[in-house]
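Shared chain: chain A. Partners: chain B in the first complex, chain C in the second.
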Partner chain A sequence: MKSFAKKLNTPWVIVLCNFVIAALVHAILIAEFAVSLGLMVAVVIVMLALDRYGIIHALFEAYTAQKKTAIISGIFLVIAIPISLTNNNYIGHIATMAVIYSIACLGLNFQMGSTDMTNFAPAAFMGIGAYSVAICTTMFNTSPWVGMLLGMVVAGAFGFIIGLPTLKTKGYYLSLVTMAVQIAFTQLIYNLPAIGGANGISGVPKYALFGLDLYKKYTIAGIKFAPQIPYLLLCIAFLILATFVAMRVYHSRTGLSLNAIAQDEIAANCLGVHVPRQKLFAFVIGGVFCGLAGSLFVGLDSYAGPGSYNFSKSLMLICMVILGGMDNSIGIIVGAFLLTIISEKLRDFADFQQLVYGLILVIMLIVRPNGIIPKRVRNYCGVSCRRPMCAAKAADVVEESSTGA
Partner chain B sequence: MEMFSSLLVSAILMGCTYTLVAIGYCLFFGVLDVVVFCCGDIAIFGGFSIIGAYTILYSAGVLQAVPAFVAVLIMLTIAAILCAALGLIAYQFSIKPFEKSSTLMPLLSTIALGVVIKEVLGLVFQPVVNSIAAVVTSVDDPLSVVGGRNPQAMPNLIAGSGSTDERNLIIIAVTLAILIALFLFLNKTKIGLSMQAISQNKELALMTGVNVKRTITATFIIGGILLAVGGFLLSSYQTIIRFDGGAMYGSKGFSAAVVGGLKNTWGAVIGGMLLGFVEVFTAGYIPGGTQYQNIIAFLVVILFIVFRPEGIIGEKSIEKV
Partner chain C sequence: MSMEEMNLLNVSGLYTSYGRIPMLMNVSVELNEGCACCVLGANGAGKSTLVKAILGMVKADQGSIIFKGQDITSWSTYKRIAAGIQVASAATGTFTKMSVETNLKLGAYNINDPKLLAERLEEIYTSFPVLKARLNQKAGTLSGGERTMLAIARAVINKPSLLIMDEPSLGLAPIVVDEVFRIVRRLNKNEKITIMLVEQNAKKALSVSNAGYIIQKGQIIFSGDTETLKNSEFLENPVM
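What follows is the complex of A and B.
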């Protein structure tokens, strides 16, 4: 296996791998419901099989070693996917939603994945972002960008306020607090006539950049593009930014101390981790991410209503994080994509949507509680992973964690 | 004064319905150290199974043959058996696999199971396609009364066509009877005592020969019965039952349990009553408060969690390293 892992470590393998992933995403997006569901199941099974032989781990190593190639080819393909959707409104819509949910899930992961604090209110944070854009544009006639900034600030502040009780509570109590916040938030926006009540706010202006409308049909070189495509590109740009920030946090001291709190709060405290500050940080940055996602969401529908930010939406986001793999940015994006596509393609069977979430969550928790791409073992040998000792140790740890869990 | 007394009555009624589900949470938490979040959905399942039993038995002519009191008892028994079975299923599939993992896992799995129960209820008590619905109504099938995702009308079973006062009195009486029975069960029977023993110290209970497996099974059966009665009383009090009402009912019940102190069964009674009073009096005395009663109730709960997490009559637990 070791020699095989070494073989992976060439630029061409990385480019090929990126291309395969992009082609798969394209195929899953474009295909009919049954075909795309089959593809998704096949992808998940193949991933699990690869993970069993440690190839996913080797791939991650290879990606880290060939960072530049991976990033450059990846960005090319990421821009190519939206363009390849051309005039397909509905698929463009689904892809944009998947990207937005990925951002929200990355935010939720700071609390659920990294710090092991249950947060049942990510949809409330999203709602804050969405409503601040809607209120700023329709009532104060400002640019939606101002609303987005404001939404991120307010969601971060809200995260701070919700984070305060977490300093004193944990476990079930914390989950009850966040649940209560989520339900109270939904009830509040349902019942405030000033912000539209049950009807919500419709007719929110779309985003525009340098005078260019980002939600408009463009015809470039004779090819018609769906109105969602430029907006999808914008959302992808934000997702890349969010992933970058999330990964930086994960690899930083802060990310490490968040993990330490998740393992054992008291031990972390004894080792000099400032527990309250780190917990509040997790809530604030998570709130900012979710606020960003919400403000992007409103740009897609140009409507902000209470129904989009209720408890079941929170549950859906949690489901995505668990399905993909907690505390692994790539895994979370995979989970968000899979679940968004499943649920959007299940639109025709709207009554079964929630049931499918519930069943996926139960089955996932029983069969593979760590998610499709589980948390990786932190590797502090750094470059020295080329040393056989370290690689062997890391492989051992991986095997232990995959069999032990 | 007129208004105050009527508010008082409805607060007590509300408190009664919350109390039962809160006791369910307390029992499960005491024995398993796990919060079973699908309690609300199990209770709603109880309410729906009463509606189902009512329609089936009514069309079979069983209910007309016996006195009203016996008829209600029959249906309540059916609902209790079904809820106890559902409780055991919940234990098998969403709690037992996660006994050794972190607290997050059983929490999420029970919530997910609650969603499954809710959605299955919504699907079963709803004609799948409109044309089928039309067929069902045309043959005047009693089940069509039950159809639709809209709120279901709960047949006023406990008082027949009697007044609401009679109904209210019966709700309070049933709750009191259940509480007394529970008190006797917990303190006088062997299984009740072993439930208390496990709740106080699981290792010691194991060493002194308490049959933990049997006790857990018994707890889920007792809890299922309590939840069935709770769902029945709730739907009788509100006169309607919604398939998606479980999340709200469950979180209110859990809130009541937390306010009272999660490990203390009698704290749940106080917590439930407190929550009922807060809700009803907010709705009654604050202008426009009806819309905000849930928000204020949850605010009270958050304040309790932050400032007195051990509950009203709970003991402060000191974490040992």
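What follows is the complex of A and C.
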């Protein structure tokens, strides 16, 4: 098994693997409903089977060892996927939504996955981002970018304000508080005629970069592109940034202390972790991520309404995090993509949408309670060691670092 | 050296309560630098409450806690830990779902310098060889004795001025208890760490400490050096 894991550790395997993933994502996006669903089920089953033999873990190790190749080829393919969608409006729309939800889920994960504080109000944070863009552009005639920045700041501040009282509560009670916040937010939006009330705000201007419209049909080299494609590229850029930040936080001392709080708050306190500050940090950074997602969401529809940011949207985001795997950035993105595509392809059977969510969640919790790609046990190898190594080698590395120090 | 400098921890006239039920009543404890002091008492006597009060996890209604000459009575826990108090106890257990190494790194939460951290980890590996062999194992898979070692190592990695040990012998086999107390003696004698040992196992605790307190129903009923304590009638009390 170990020799096999070593064999995986070559640049070509990584490039091939990236290519296979990209091709699968493309196929799942493009294919008809039944084929796409079959593909998704097949992917999940194959992944579970691979995980049983430890191949997923070996692949993760290989990816960390071959970081550069993985990132460069990954970025190429990530740009290639939107371009390969060419003139397909609807698919472009779905893909953009999946990317935006991924950003929101990464934000939710700081609270739900890392710190074990289930926040039932991620959609409210998204709503704040969306409404701040809508209000800034339609009422004050500013650029949507200003609205985005403002939305992130306000969502972060909102996270801080919600975080303060919830420091006193734990577990179910904390969830109840956030649930109340979510419902209050939706009701507030419904009943404020100044910001559109139940009708919401429509006609929000689209994002533009250096005078270049990011939501427009372009024809490059004779190929027509759907209007969503440039916007999808922008969202992907933000997703890469968000994933980078999330991973950095996970691997930092802050991430470690969040995990410690999740497991045993008293013990974490006894080790000198400033528990209230770290919990507030989780709420604020999660709020900023969700605010960013919301402000991107409004750029897709040009519309911000209370219906888009209600309790069921929050539940959907939570489902995505549970499905993908808590506290694992890659898993969360997988979960967000799967669930977005499933629910969009189920549009024809809208009556059954909620049923399918419930079914997926129940099956997941029975078959694999930790998600498709669960979080991995933290693994260090000495302190001074910069490049991550596989677990088998860690003991040697400790000796190396000791002689070095 | 004057008396004040020698005095590391000074708890005086401490009152705490859980809701309306009073717990500690007029508890005064003095710890000099370098000493090993045991706090003995039956279940429910208030030993753990005293530990919690010193750590700041239970509010003091009255009285003061002075550590290294500073009044820390109103400080929050993380500040006290940063000031040099550490606790190794069965109650504030290990993080069972994390690897042993992660546990140690969490213990060293206040050490910012990676070089210093590497040094300290190395010291821990030499003094606790049991842990070195199990670095990548989840702490939940360790045996009870190893877990106690981990809890102690996690506290010692910071080189604390005061190490509070809350029932380190809880639920361990006699042979492992001996090993734990050997470590306690070594930490006190060789590494000059002041130790406050909270125990039910009076005989063992007295064998490593040089002063002792007995708590009963939230009050200190005896304080003095070990020799007097060994011969006093308090230890003959069947409750002990």
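Note that in this section the second predicted complex is superposed on the first by the 382 of 405 C-alpha atoms of A that agree within 3 Å, B and C clash if a C-alpha of one lies under 4 Å from a C-alpha of the other, contacts with A are read in each partner's own complex, and residues count from 1 in each chain.
By definition in this document, a contact is a pair of C-beta atoms (placed from the backbone, for glycine too) under 8 Å apart; a residue touches a chain by one contact, two chains touch by 3 or more.
Because the structure is predicted, anything quoted here is derived from the model rather than measured.
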Contacts of A:Ile55 with chain B and chain C, given as first, second, both or neither: neither
First, second, both or neither for A:Phe311, with chain B first and chain C second: first
Which of chain B and chain C A:Ala157 touches, first, second, both or neither: neither
Touching partner for A:Arg378 - first (chain B), second (chain C), both, neither: second
Partner chain(s) touched by A:Leu361 [first = chain B, second = chain C, both, neither]: first
Which partner reaches more residues of chain A (counting touched residues only), chain B or chain C: B
Partner chain in contact with A:Ile266 - chain B first, chain C second, else both or neither: both
Which of chain B and chain C A:His274 touches, first, second, both or neither: second
Contacts of A:Met247 with chain B and chain C, given as first, second, both or neither: neither
Partner chain(s) touched by A:Leu256 [first = chain B, second = chain C, both, neither]: second
Where chain A meets both chain C and chain B, residue numbers: 266
Of all residues in chain C, those that touch chain A in their complex: 55, 57, 77-78, 81-82, 87, 89, 91-99, 101-102, 105-107, 109-110, 114-115, 117-119, 121-122, 125, 132, 135-136, 138, 154
Touch list for chain A against partner chain C, complex: 253, 256-257, 259-260, 263-264, 266-275, 377-380, 382-384, 391, 394-395, 398, 401-402, 405
Residue ranges of chain B in contact with chain A within the complex: 35, 93-94, 97-98, 101-105, 107-109, 111-116, 118-120, 122-123, 126, 247-248, 251, 254-255, 258, 262, 291-292, 294-295, 298-299, 301-302, 305-306, 309, 319, 321
Touching residues (chain side chain A, partner chain B) in the complex: 112, 116, 118, 164-165, 168-169, 171-173, 175-177, 179-181, 183-184, 187-188, 190-191, 266, 311-312, 315, 318-319, 322, 351-352, 354-355, 357-359, 361-362, 365-366, 369
